[in-house]
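Input: a single structure, listed below in structure tokens.
We just call them A, B and C in the order they show up, numbering each chain from 1.
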Amino acid sequence: MSLQVENLTVYYQTLKGDVHALEGASFGIVDGEIMGLAGESGCGKTTFGQSLIFLHPPMKLVKGRVTLDNVELPIGDMERMNDFRFKKISIVPQYAMNAMNPTRKIGKMTAELLMSRNVDFQTLLPELKRRLDLVKLSYDVLNMYPIELSGGMKQRMVMVLSTLLNPSLLIADEITSALDVSSQKAVAEMLVEFRNKGYCKSVIVITHDISVLYEIADTILIMYAGQLAEKASSDIIMFAPLHPYTKMLISTLPEVGVRYADKRLTGIPGGPPLLLNPPVGCRFRERCPLAFEKCIEAPPFIETGKNHFVACWKAGA
Amino acid sequence: MRRYFERKLFIYILTFVLAVTIDWLIPRFMPGNPIQILISRAGLKAESAKLLYSYYMRAFGLDVPVWRQYLNFWIALFHGDFGISIWLFPQPVIQIIMRAVPFDVLLLLPAILLSWLAGNKFGAYAARSKWLDNTISPLGYILTATPYMWLGIMLGWLFGVILHVLPFSGAYSYSMMPSFSWAFVGSLLQHWILPFASLFLVMFGGWAIGMRNMIIYELEADYSHYLEALGAPRKLVRNYAFRNALLPQITGLALQLGVIVGGALVTEIVFSYPGIGYLTLQAIQNHDFFLLQGCFLFVIIGVLLANFAIDIAYVLLDPRTRAGMQGEG
Amino acid sequence: MPQPRKKNEILYFVLRNAKLRIGVAVVFLFVVLALVGPLLTKYQPRDYVAPGVQPPSSEFWFGTTSFGEDVFTQFVYGLRATFIVGLIGGGLGTLIGILIGFIAGYRGGIVDEILNMFTNIVLVVPSLVVLLIIAAYLEVRGLLFESVFIGFFAWPWAARAIRSQTFSLRSRDFVDLARLSGMKPLKIIITEIAPNMMSYLLLVFILQFGGAILTAATLDFIGLGPTNGVSLGLMMNNAVIYGALILRMWWWFIPPGLAITAIVGGLYITNVGLDEIFNPKLREM
């Protein structure tokens, strides 16, 4: 197991109270796995990704344990976590377009960042250039300011930068959403190639676009309102999901291969609950067609088939 | 880059032309014979008044067409001819102003630059911890809200009258003649401290507050969070944030110039410091409108030059403007 | 879209923001003093009430000037003038800034170019010096006149700020929608853009208010303020001219300067408090 998450609970502190953004998440990722993490916006995906690497205020670790390569990550300790960041666990953030300091040349910024982590820039330079070749960026970008790069170029540059120290786990947060369709595909494929070449052992791809996940992810984890709903291989999630929320989510997708066809999205009726005072039990209860009395208790996230985890009382029954 | 400077230069030239035009128009707006009114108000001796009257009748050239008068005004300007002072008759206005300019440079340049540097430094410190923020920020707000002249009065009262340690009037001791002696330089410095301090302190407050707010904004920016997520030490993140927060502070300096000029004016008045500000007051009190016109033009020129210097500094410090400009051609 | 929940939230932050409470309290205190003060004194600002150079006493709370005028009376009437200048000058500066900012930001193109250039010119010219020249040529000047002129030269930075805000709002969906539905530009600005900038405009007004007070104090101090009546700046001017420093008449020059500092400082702190309420990003720290 590369990554093991146990009962991770992270709240957002606001002046009006805690927002229960992530509640009791437990799952694992094996070496080499690309796991997609999907759900509606506001379901806690990004909080989840952030909490693994950069759990900063107003986020607050309530409980839970995270181990990476059998070492426990001190995710709640900003200082001690620094030893792991970049080297063992890294991130391509949602805001990759603005992730680089606008007033520093990219090469210089990279060198300063590496130096601050006690890594020698010159020894890494040949490898950096190899990877720039791989993502089809010219070496000139190192001599440029971020403003001189296009959106797609910045995205690729940040991907190269984030994985430069070959982390065990890479968190890729919405890396395709700001791009046009053709660049989306290219970036997604690059991510797979990064994994294949060992630039990162395993990857968590956070997105709201499940069709992208189907193309690149080995497994998909579905979240709803701060809770894990279902995790299984991509094929099972797409064609044989068990959780009612997953089913609804998949049914709203245009059929694979006919993206953006004139079939209208039906959408899911209702909206997710507010996480400031979340309802007890299964949070999907109110929108769920199968809901019954027992749903007042939160269903456990259990393995119903091989590597297929579901949190629903009705699943498998 | 050239295009950028051409645009700026165009604005500055336009501003200058406009300022000169206002300067030319104002006395002509006055009802009746402006020269007669001006000179009679000044209360000169009969023969000086007559001399001055004939001089200005010629200079104004009221008998030639208006466009010709305007042109003559410009021509005289480029010859450094600002007319003759009424108050210090018969000295030329330009001479009087040139005597004042060094004092302005001596007072304003260090006050502006040092307060900007120190304010930015302290503002960045304030963003470091709650404790520093709670001490530096309120102080900054109080200082920046203080009217320049009041701080000047208070400093003069405290150090000049109560403690009796520093002089608070003039630029050097009245018993001395300007010379390159140590005694004179010492006296010059002593007289310089209080006006400098009041200008410095008020401006310092503004810059410290500005930097504190800007740097908090920058520390919350995406690039800061990315660096932190990759485990970069606080020092590097702060360093980047500070550098980026300096840029809007440079723009702020240009925006503040007008206010600073006003502050310098009243500070000079409080301390009877013989710069252009003090001269302006003398011109007003003695109804010397030609001296006033000259002071006005010199202030405008000074502000335009300062603006231009700030533009250059900005382009040198912000790579984005340079990068963007290359693209434009 | 003003939802009740959102309103409550704003009110909640208003009540628990210490900066806002302090700032508003200070400004309010002086507003009350300006309103009530003149009723507490039986003199006029320029009345000879007692032999001069008297320190504060139970009879003359703030002492008397060299000419035997009551400093307290001058002070409270001066406060009134200060708030009038702030209100009119700051209000006018904000209004012109809004007008030019909205038009430039909404229309864009050549209109924006021209207005922008005009703004830059007025911005570069040190407004105080222009005011000074104008005031110097006028024999008689009133408070209203001073306020209006201050407003006329104070708007450029506000126009610039509002322009860029309008610019970013202009391309939002709801504005596009309004445009598509055939709404007139003026109506779009009033019904779609302005309400979304209300908080921002309030901040601009507060800063303009404080700025107008400081500018007026400067003009008055030079002796180019209103030729009738008193002001806080004029009190400081008189104090300096008639040797209050050397005579150690601190009661003459401390109250007016302190009041201006407190009012303007209170306004600035109110501004920061409001900013923290409107921009949640600044609430932490």
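Methods note: contacts are C-beta pairs under 8 Å (C-beta built on N, C-alpha and C of every residue); 3 or more make two chains touch, one makes a residue touch a chain.
In UniProt terms, the chains line up like this: A = ABC transporter ATP-binding protein; B, C = ABC transporter permease.
All figures in this text were calculated on a predicted structure; none of them were measured in a lab.
Q: For this structure, which two chains have more C-beta pairs in contact than any other pair?
A: B-C
Q: What chain sits nearest the middle when you go by CA atom centres?
A: Minimum centroid-to-centroid distance belongs to C.
Q: Which chain is most remote from subunit C (ABC transporter permease) in terms of Cα centres?
A: If we average the C-alpha coordinates per chain, A ends up farthest from subunit C (ABC transporter permease).
Q: Using mean CA coordinates as chain centres, what's the gap between subunit B (ABC transporter permease) and subunit C (ABC transporter permease) in Å?
A: Spacing between the chain centres: roughly 22 Å.
Q: At what distance in angstrom does the C-alpha mean of subunit B (ABC transporter permease) lie from that of subunit A?
A: Inter-chain centre distance comes to 55 Å.
Q: Please report how many Å separate the Cα centroid of subunit A from that of subunit C (ABC transporter permease), as a whole number.
A: Taking the average C-alpha coordinate of subunit A and of subunit C (ABC transporter permease), the gap between them is 50 Å.
Q: Touching subunit B (ABC transporter permease) in the complex: which residues of subunit C (ABC transporter permease)?
A: The contact residues of subunit C (ABC transporter permease) facing subunit B (ABC transporter permease) are 117, 120-121, 123-130, 132-134, 136-137, 157, 210, 214-215, 217-218, 221-224, 233, 236, 239-240, 245-246, 248, 250, 253-254, 256-258, 260-262, 264-265, 267-269, 272, 281-282, 285.
Q: Write out the stretch or stretches of subunit A touching subunit B (ABC transporter permease) in their complex.
A: Interface residues on the subunit A side: 50, 53-54, 56, 81-87, 90-91, 93, 95, 98-105, 112-113, 116-117, 144-145, 147-148, 158, 162.
Q: Which bits of subunit B (ABC transporter permease) are touching subunit A when the two form their complex?
A: By the definition above, subunit B (ABC transporter permease) touches subunit A via 221-223, 225-233, 235-236, 240, 243-244, 247, 318-320, 323-324, 327.
Q: With touch defined as at the start, can you tell me which subunit B (ABC transporter permease) residues reach subunit C (ABC transporter permease) in the complex?
A: Per the touch definition, subunit B (ABC transporter permease) meets subunit C (ABC transporter permease) at residues 11-12, 14-15, 18-19, 22-23, 26-27, 29-30, 127, 130, 133, 141-142, 144-151, 153-154, 156-157, 160-162, 168, 213, 216-217, 220, 255, 257-259, 261-263, 265-266, 269-270, 280-281, 284-285, 289, 292-293, 296, 299-300, 303-304, 307.
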